[in-house]
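In structure tokens below, several structures.
The two complexes that follow have subunit A in common; it is paired with subunit B in the first and with subunit C in the second.
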Partner chain A sequence: MSVLKSGTLSQERIVFLFAIVLFAAYAVLLDGFLAPNNLMAILRSVSVLGILAVGMGIVVVGRGIDLSMVAVMAMATAWQLAMINAGTSPFLATVIVFAGVVAVGIINGLLIAYAEVPAVFATLATASFVFGLVRSRFIVQDAVPVPPSASFILEFGQARLAHMPIEVVMFAIAAFLSFLVLRFTKFGRYVYYMGDNYQAARTMGIPVRPMIIGQYVVSALVAWLAGLITAAGLQSINTRVVNSTLLYDVILVVVIGGIGLSGGKGGMRNVVIGALLIGIMLNGMTILDLPNIYQNLIKATILLVALVIDSRLNPRDEQVGQQGDI
Partner chain B sequence: MRLPESLSRLIYNAIPSHLVGEILTKRWVDNLVPFLLLSAVIAIFGTAINGFFAPASLLDTTRQLGEFLIVVIGLTIVMLGGGIDLSVGSIYALSVFMSVLGIYLWELPVSLALVLAIATGGLCGAFNGILIGYLRLRAFLTTLVTLIMGRSLYDILIIVWGKQLQMSPVLNDQFDYIGTGSLGGLPVSILIAGVFALLAHVLLSRSRLGWHISAVGGSRRSAYNAGIPVRRTVFLTYVISGLSAGIAGFLFAARLSGAGPGTGAGLELAALTAAVVGGNSLGGGRGSIAKGLMGAIAVLTMTNGLIRLGYGTGSNQLVLGFMLAFAVVLDIRWAKNRHKVLAEVYVAPVHHRMSGEESALPNGGGAYALNDRLSEASPIALGEVEGPEDVILDEDGNLYAGTRHGEIVRWFAPDYKRSEVFAHIGGFPLGLAMDRDGSIKTCVGAMGLYSIARDGEVTRLSTETNRSWLSVVDDARLRDPNDCDIGPDGRVWFTDSTTRYDAHDWVLDSIESRPTGRLLVYDPKTGRTKTVHDGLRYANGVCLAHDGRSILIAESWACSVHRYWIEGPKAGTMECLIADMPGYPDNINRASDGGYWMAWLGVRTPTFDLSLRHPGFRKRMTRRLPGDDWLFPNINSGGVIKFDETGRIVGTLGDLTGNNHPMVTSMREHKGELFIGGILNNRIGRYKIPGADPDWTSWKSYWSSTTETVAEGGPSQAARRRESAETTLPEGRA
Partner chain C sequence: MTIKTMLARTIAAALCLATLPAFAQETGDPGPAYVQQSLAGKKVVLIPLALGFDLAQGWNHYIGSEVRGFGGVWETRDPNWDTAAGAQAITDLISSADKPAAILVHTPDLTSYSKLFKRAQDAGIFVIQVDNRSNFASDAFVGSNWETLGELEAKAAVAACGDGSSKKIGLIQGDQVNSSSLDQYAGIAKVLKDHPDYEIVGAPDSNWDVTTARNVATTLLQQHPEVCAVIDFWDNTAAGTAAAIRDAGLTGKVKLVTTGGGEELDCKALEDGTFHAVVMTDVKGQSRDISALLKFLLQSGLKPGQAKSWIYTLETATTKADLKPGTCWNLKDVQAAEAALAK
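== the complex of A and B ==
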């Protein structure tokens, strides 16, 4: 504990070292792990996860959590594609979905900031609501293919920038932009203050409530972006992903990377490192041909261990913790 | 009285508007919203679905309800303890699997399969409990992760064993009976759930563990400081939740005789919604089995109803998500604003009109005209005592007074410089009376009637009286016991000033001016207390008349003194002795000359008198203005009034400087001196009464069997002394 706290061996460094060790171990033990294609596959596999983690990271730094991200990611994209499929012009569909996604973010923010509902409940409820609404009203099947009229999405998915797949580029851009915002803008600094001590930030005069809404709008938009990239890569979007463990992978990335769930700590670097570690780990398990359900069990166990370590490293502050903060 | 005033009296005095506030103080109003919601859900789906109320349909629904209810009860208990358990879905699924495995593959008897299912649930719950209770992880995320773990494990198990289970030739009639049989027209599962709910209710409301759970959920830190093993209690709530999910899983397995890939999926969201919709508070402290039951029925009716109405995939999530968000918002806003609403609507003033003929103005010339004599009183314990509401002296001349700190302090005669804490009670002692054996009976604000023996030992005599039939607030509880006196037969007569406000909110009672004060009597022979008279506007001082046949009672906000007959032809009746005084009376005590001393805690003002005639004005005042701006009765200048047995005012004592005794709440005559206390004062006054009997003491006046002879003997002794002085003087001169 004391070693961990002294800063010489922060959680971030441990994770980074662990990632390197894992990488080295896989490189030695697994055939084909070091192949350029596989390395690119690792990057591609974590980029959607990483983009989601960027949005989640911003929210968690402000001491929130957004459990509706995966629902928004899948359902917004599915709704958009379904509208285009049904003949709506791609532009109009995009505008409508944009409004819908922003609305979900605002509802989350209103529930959390103004109605003072704990973030976990508010976003759990909106996740269920969004899934239910889109699934029962706007789409007819679990999977929605990208229609020919929206071929620009497919072209976008095929695009390369400096030989990098577009999703990797987007992950890099999202992480870098968020880094700039969190580090150099007033909004970003306020997010840290708010996450560190909500009451004090509020007393200082920081507009914490509008900022919470802003955070959740950002995370909803980021989720939508992740959905579009997924659709571009897979040429369709499967809404069953909502019931998968993707959401917990996102939390895993954020927590493992070292953004404490009690807020006010960490940054985009943690997200990148966390995403890399998870990517390496999952890739290795896939090469080892572990079935998905075993992978889930292992990931969940790792997340649990990460939560235990997180609670040891960032114990909840009883002074600023709210009643009902569960 | 002019018409508008008559009208407002009719409206404000006849309509029981105070009941709104009183109902809001009840814990059961929390159940009102869930109950209405439940009724609405049943009404809507009952009319929308054909044959919803048909026996077969109800039987099927209740069968599912049994399983669901048990899960919700477990979750309710966890939530009451301040946690949450999302892993119920996967614990349920694992228990279903273990039951099926036990019955169909290992061919166990039903009882052992049940034990297996319960053990599975309990182990999973204990795993959660260790993580959250002992390692203090965040409940929500932790159980979310254990939900995934359990679900993954279940998926693995079902793939490995699924085929074998399907092929199993085992038939177990008992198992099938539990799943599909009925007993007395009710499915077995709902009967089991009913018994389980009853046990859980008893556990929560009647057992030590249940109280610990509520305490931990209500305030974790306070519970810890009170010595409750917080971590173990939290741990146990998760174990209980796991056990519940285990039992429910067993019932499910019995009903469907198998386990599939989707078993228990989404159960956590439905159960959580049910618990919250029922009105169980997130974050703990408020919740009950009844709430869980209401929520479970509402959610199950809704989800089943949507399926039967043919709404497609996703509608359930849509409705559950909406209900969850709505219920959580409602719960949080309610918990946060309930006390604000209560503070807004609780004060319900009534019309009250008193005559303003008499005046206490110093030079007004009336019988009540206050003078400045109390400003001469010499102070005792100046700056050392806080709030001596009542004072009393024993036969040795030692002085006792209750203080704000919940103690009775004794000052030693003759100079009262030395003091000690005579007894620590813990509440503010308001009225004092000295019994025959020298023990002190005291009314302790917000607590009750207590006795303090001569050695300082405190005994509780009474904390409740009989509950009246039609009261909403619990009027059995003594809210503001104020003054007491002891009858010749040892019965203690005491007042409970109001049933509407706690002791520290006594000024609100003056603004409301509603007659809820009571005269009570405690009988030491039976140990019981009963209400003998109610309907007084702040019943305050009581004093046994000199002949011991009646009790005098001060009614503060009505500025009156009444006589209640305890024996004789008028026994049990009350008559007004002095009405519409210009001051608010507090304690009354005996005087040596056969009259009575009465303390005035303040004097009336024309403005407040006028406001008493305008209840609407006072209502608006309490709703719209902050408390600091309210108009209160004047308690800055009081005094001491002396009256005789017929109620005639024979003298007054006041402090016009306001330095010594601006507000007087009690006074006690002892050997020619008057000792004066005030609930807001920092001293006890000592005033030499001109011409008073220098040997008279209150205790003798009550308990000396030779009261009459002493009273007569006093002057004769004095006369003898005077005679002897007269006889000696000439000698001296000579």
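== the complex of A and C ==
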């Protein structure tokens, strides 16, 4: 581990290297892997995952975790589409859902910052609450189609910018904006300080509690964006995604990219690299026609390895032990 | 007719009347009373994989109306795609004080509920499996013969491709544990054996997830843009496969064949060319079969576990040319009817 600790081989670099090796191996071994359309398909296939990982990444840097993202993604979008289907004007439906999504973020933040509930439990609970509330009160079936009156959503899904599918463009924009915010704004720097040492940040006079609320509002809004982009591409949103492994895939991208779960480290570059690795890996396994169970097994193994490397690179020190961990 | 025979007949008729129980005297029909005695107040519970999709909502409405119609008590449990929650629901029903007379279960896989089915039967509850078969032969299975269904899909795909085509077919399977997926594959393989010139170029799993379906279909079409047909094992995930075909600019060139509950969305997708053919489960007819079976079992005097039967729903591959008003049923109407009942 001396090489690792010396910093010449950070986890980010290992993952990047691994992605390149995998890419090269697939390029040599698999026909058609290098076709421009396939590379585009890889980018597109990880876009929604990547957007979710952008939101998750911000929260994890601040030493939190948001397990309600996939629930918010599916349920906010489903609720919005159901309202439009029932005759509400698209604008009004969007405003209502915006308020709802912000409210979920605020509730998460309040629970974590003021009630001091660990983030894992608070967001797990809101995830179930959001799913249950919307599923039982606002929609009548799992899949909600995009109504004809919201054709702008469909057109958005078909849009291209410089031959890039809109999903890829949105992922790029989300990652770049978050990069700017994390790197160059006060809010962004504070997120790192809090993630690195919460007590010290608080003593310094950083408004840590409102900051926490802010982070969860951002992750909720990012999740909703991911939902809208999904609906635009598929012409419907299926709330079954809440039961899928998507949430774990998001955490996989964040952790594998090298944003340590103990907070204060990493950035958007890690998210992009993590998402690319997952995209390349899944695409190759699909070309190889590997059954889904093996794909999940391989993904899980890689997550375990990443977690081990993470805990070796970012060991739990006395400080972390005292302040608790997520 | 002699006086003697007339007399004999009159006496015989009088004797007949005298032996009938008092309540049947008005019409002479013992049926209504027997039905009333056997069926009234009997509880029937539907445990689908989840209540939130077309098939389950169709069963809930059509079978529910029949059960309420014969004076029974109709209930549902919603495990929301969670096998453990479904098992819990069945366990609770077996041990409840007010035991159901029959449960209708949509099983998630071949084995998970098998022991529970046995326990339910031992507790005096009829077990009817719906749509997905399991390894346990309960009182009845009502649903598709998924192998036949796969054969129909493959035949539709072969017909859609035609002689001059590439004769390459892609499959988007469900998973590797669910009988509906495994048996569909077997059916497709069987038909393609008779067409050795046809080739399956890829068969990824969607894991019943529409986004996964879209991603794997995109990859499949990228690798094999020459495929002439794709068979997706479920119409819900076929929405993702359709998006992949649209994205690849292959609409009309790659024919999409799938299977589903025959809800209005299926017909719309056939109408606008998104789907080329849908092997439809006739939900109304299937619900009628289940209702008739319930009425039979509860009157038959049979004990749970005494007999078993498989009642396969008639399946047909429907294309745009077959569409007529009423080919599909409408989920909105069903939901409206259920909402009106709830008030």
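Keep this in mind: the second predicted complex is superposed on the first by the 319 of 326 C-alpha atoms of A that agree within 3 Å, B and C clash if a C-alpha of one lies under 4 Å from a C-alpha of the other, contacts with A are read in each partner's own complex, and residues count from 1 in each chain.
FYI, a residue touches a chain if its C-beta (ideal position, glycine included) is under 8 Å from a C-beta of that chain, and two chains touch if they have at least 3 such contacts.
Since this is a predicted model, take the numbers as computed values, not measurements.
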item: Simultaneous placement of subunit C and subunit B on subunit A, clash or fit; value: clash
item: Residues of subunit A touched, compared between subunit B and subunit C (which is higher); value: B
item: Subunit B versus subunit C as contact partner of A:L304, first or second or both or neither; value: first
item: Touched partner set for A:I251, first subunit B, second subunit C, both or neither; value: first
item: Touching partner for A:P118 - first (subunit B), second (subunit C), both, neither; value: first
item: First, second, both or neither for A:L261, with subunit B first and subunit C second; value: first
item: Contacts of A:I293 with subunit B and subunit C, given as first, second, both or neither; value: both
item: Touched partner set for A:A162, first subunit B, second subunit C, both or neither; value: neither
item: Which of subunit B and subunit C A:T126 touches, first, second, both or neither; value: first
item: First, second, both or neither for A:R135, with subunit B first and subunit C second; value: both
item: Overlapping segment of subunit C (options 20-28, 56-64, 110-118 or 164-172) - the one that collides with subunit B in the superposed model; value: 110-118
item: Where subunit A meets both subunit C and subunit B, residue numbers; value: 135, 243, 293
item: Residues of subunit C that touch subunit A when the two form their complex; value: 50, 52-54, 57, 80-82, 175-176, 202-205, 207-212, 214-216, 218-220, 222-223, 236, 239-240, 243, 247-248, 265, 331, 335
item: Subunit C contact footprint on subunit A (complex, rising order); value: 31-32, 35, 37-38, 41, 44-45, 48, 135, 140-143, 145, 165, 230, 233-236, 238-241, 243-244, 246, 282-283, 286-287, 289, 291-293
item: List of subunit B residues in touch with subunit A within their complex; value: 82-84, 131, 135-142, 144-146, 148-149, 151-153, 155-156, 159, 219, 221, 265, 269, 272, 281-284, 311-322, 324-325, 328-329, 332-333, 336
item: Residues of subunit A that touch subunit B when the two form their complex; value: 65, 111, 115-118, 120-122, 124-137, 243, 245, 248, 251, 261, 293-294, 296-297, 299-301, 303-304, 307-308, 311, 316, 318, 323-326
